[in-house]
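Note that chain A is present in both complexes that follow, paired respectively with chain B and with chain C.
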Partner chain A sequence: MDYAYYPGCSLESTGVSYHKSIVEVFRALGLGLHEIEDWNCCGATAYMSVKETVSFAISARNLAIAERMGKGDIVAPCSACYLVLAKTRRFLMERPELKSKVDEALAAAGLTLKCKCAVRHPLEVLVSDLGIEAIAAKAKRRLTGHRYACYYGCQMVRPERYFEEDREFPMAMDDLMAALGAEEVEFPLKVRCCGASQMVTNEEVGLDLVQSLLECAHARGASAIVTTCPMCQYNLELYQDKISSRAGKDLHIPVLYFTQPLGLALGCDPQALGLQHHTVPLPQEALILEEV
Partner chain B sequence: MSESSEFAEDLHRKILETEAGRDLPRCFACGTCSSGCPVHEQRPEFDPRKIIRSVLMGLESELFDSGVIWLCSTCYTCLERCPQEVGCAQIITELRNAAAADGRAPEAFRMQMEALRQFGRVYEIEDFDNRRRQKMGLAVLDSHANIEPLLTDEREGE
Partner chain C sequence: MAVSNLTDHALSPGTLPHSERVLRKAFLDQVDDIPGGEKLRKCIQCGTCTGSCPLSYTMDVSPREVIARFRAGDIESLLRSRTIWTCASCYNCTVRCPAGIKITDLLYALKRMSMDQGIYPKRFPVYVFSESFVKMVKRYGRNWEVGLMERFQRRTTTPVLGLFKSMSMLPIFFKLFRRGRVNIFPKKIKGIRDLKRIIEKAEQMERPVERIEEKRPTRVVGYEAIGS
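Then we have the complex of A and B:
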């Protein structure tokens, strides 16, 4: 199976371990990832807030290049990119007026767009196209003793409806981790907002939101939080010193991408999965896993 | 009519004409949006129900002045739970677009737009990044993705 790959800006900077682990995991599972040539910003944050029509136009450029490459559906690991690309595609299919305006802009860039390639999140791709059982069958190691709080955040489950999951209580990642041998952790805040770009524009609001998530993960006895989005991961990991000192208690906990424990189970090298890049690392003993 | 009230009326009309604006009259003010909003829980002054009421009453300028529209983190819980499928997140995007057109976007947004115009991405892809990409088996990326032809709509607005 082949896919067009849209890494997005975050995966080239703060989310580099997500970038590495996705490439590694897709390779280990025998799935082809073909990066969209010369991709640009998805149009999230700034343009969406400042001038949404421009965000649709620059987003559409990525959709058009992926379509020209003809490698299949687009895999977008960042939840914000995923949402903006998927929303752009839906709006362009539903609103002919917007479509003709964007088509004009695309024509100036020598591109055309028929909206043929669906936009999908890698978690959904793995769970739907391969299936949890087939993935678990390829595992070389068991995640025994790992207790993951599976955190889905907002934009992967809301508001677009392409992920056939309960949007208030998704289970795909929990089920995948359990199939790989991890202990299940009930994490009721699994779809509650991490604060997103509030950390830049209104830091105190962002810190409050992240603190409630870290407190919940600790209260539930998680050994790590597992995420599906580079912004969630960044917010949850990088402010732990500050949040621990304002809360007056130690709230440190490793925050991983779901592709990292999955990669460990598939027998990938921890360095190739980018585990060395984290500021709150997984303890060394957590990397010693029993063979299947 | 004073200049400020003319601005307010014009803005009100434009907001109600948007797709999200046309949904607003369906709101029966049940407050499900506010009760589920994680930002409202931390900052009571950010109140989605009140924002929807304010827009329906033509008080958009007050929302601009108080700055509350920049507190939404677009998590879409309001839309998910709204029994009338109104939500607040999309109308806030419209309000932000209108505020930005009036020169009132926060500095952080302006800086990010500058980077986007320059590199086509939020960050510049440098040699260091490309060396890492090659080790991962990925192609070298040009430091600048050309989105210039797609910014026509932005130029129209200037």
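Then we have the complex of A and C:
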């Protein structure tokens, strides 16, 4: 199976370990991943709130190039990119007037768009196209003793027809981790927003929101938090010093991408999965796993 | 059906001052572009949106009240509210609204209108953030986080305070840097000229904005109360 790959800006810098681990995992599972040629930033929510037609047009350029490549559906690992690209596609399919404006803008660069390729998150791709059982069958190691709080964040599960029935309490990531041998952790805040760019524009509010997530993960005895988005990961990991000192207790905890434990279970090398890029590292003994 | 063509009472209450009529038209035009936007009329004022919002405790106008004020013919106060800037677009309200109202998208529309009208303070962080982001994308085709943060810090405060604020970012910066997670230099996409052409063309097709006469406020009412 082949997919067009939209890494997004974060995966080139702060989220580089997400990029590395996705490439590893797709390779290990025998799935083809083809980076969209010369992709541009999807515009994110910041652009959405400035100019409407422009924001749809720049994000549509990526959809058009992916379509031209003909490698199949688009995989977008960053929840924000995923949301923006999927939303653009839906708006363009449902609003013909908007579509004709965007078509005209794209034509200025010699591009056309038929909205053929769906936009999908890698978690959904793995769970629906391969299936949890098939993935677990390929595992070489068991994640015994690991307790992951699975954090879905908001952008992925909520607006754009996420694949699970229950958008208030998704289970795909929990089920995947459990199938790989990890202990289940009930994490009631799994879809609560971390505040996104509030951390920059309105820090006190951002810190509050992240603090409640970290506290919850600790209270539930998690050994790490597992995320599906570079922004969630950034917010949850990089403010731990600040939050620990304002909360007056140690709230440090490793924050991983779901593709990292998955990669470990598939027998990938920890370096190749980018674990060295994390500022709150997974303890060395957590990397020693029993063979299946 | 397009919302802007509806004449029922809920959408055009009583006699409105000129400025309000201008804003109302602009708002309803934007609502037309939102799939399902017309459900706006179906609000039952149940408050589910406010109750579901992780940030409502920092807002001056709750999401439910946004709809109520729109109905009452008071869009101007919404453009001045802290609410449109504190929304983190987490879509919790939208997913839970029993009437299917696209609250998050409505708030986006209000945010855009507020920018079009210039109703926000000059160094207002949320605006500067969006605007700096747009600059990065136009110049490089990709977001460059170092440049974005530098510009943001510089534009939101005075030079001295800005320097101080940038310093407070240094610990995180060094942490990221040590772990190989920072791009010191921006990357420009090859098709930057194509992208610029797309942007220019799209800009021409953006709806014209009718400005209401307003002076820029020195601050958004109450925003400083939550530490900005």
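Brief remarks on what is shown
Heads up, the rule we're going with is that the second predicted complex is superposed on the first by the 290 of 292 C-alpha atoms of A that agree within 3 Å, B and C clash if a C-alpha of one lies under 4 Å from a C-alpha of the other, contacts with A are read in each partner's own complex, and residues count from 1 in each chain.
Note that in this section a residue touches a chain if its C-beta (ideal position, glycine included) is under 8 Å from a C-beta of that chain, and two chains touch if they have at least 3 such contacts.
Computed from a predicted structure; not experimentally measured.
Overlaying the two complexes via chain A brings chain B and chain C into a clash. Of the two partner chains, chain C is the only one that A:238 touches; chain B does not reach it. By the touch criterion defined above, A:90 lies against chain C but remains apart from chain B after alignment on the C-alpha atoms of chain A.
Annotation for chain A, partner touching more residues between chain B and chain C: C.
When the shared chain is aligned, no partner comes close enough to touch A:112: not chain B, not chain C. In the superposed model, A:38 makes contact with both chain B and chain C. Of the two partner chains placed by superposition, only chain C is touched by A:276; chain B is not.
When the two complexes are overlaid on their common chain A, residue A:203 makes contact with chain C while staying clear of chain B.
In the superposed model, A:128 makes contact with neither chain B nor chain C.
Residues 9-10, 12-13, 16, 38-41, 45-54, 57-58, 61, 101, 104-106, 108-109, 154-155, 158-159, 167, 192-193, 195-198, 200-202, 205, 209 of chain A lie at the contact with chain B in one complex and at the contact with chain C in the other.
Only residues 9-10, 12-13, 16, 19-20, 23, 35, 37-41, 45-54, 57-58, 60-61, 101, 104-106, 108-109, 154-155, 158-159, 167-168, 192-193, 195-198, 200-202, 205-206, 208-209 of chain A touch chain B when the two sit together in their complex.
Residues 30, 33, 35, 54-55, 58, 85-86, 88-92, 94-95, 104, 108, 111-112, 115, 125-126, 129-131, 133-134, 136-137, 141-145, 149, 152, 171-172, 175-176, 179-183, 187, 189-191, 194-195, 197-203, 205-206, 226-228 of chain C are the ones touching chain A in the complex.
Residue ranges on chain A touching chain C, taken from their complex, read 9-10, 12-16, 38-41, 43-54, 56-58, 61, 90-91, 94-95, 97-98, 101-102, 104-111, 154-155, 158-159, 167, 192-193, 195-198, 200-205, 209, 238-239, 241, 276-279.
Within the complex, the chain B residues that touch chain A are 38-39, 42-43, 70-71, 73-77, 79-80, 87, 89, 93-94, 96-97, 100-101, 105-106, 108-109, 112-113, 116, 120-123, 125, 129, 132, 136-139, 141-142, 145-147, 149-154, 157.
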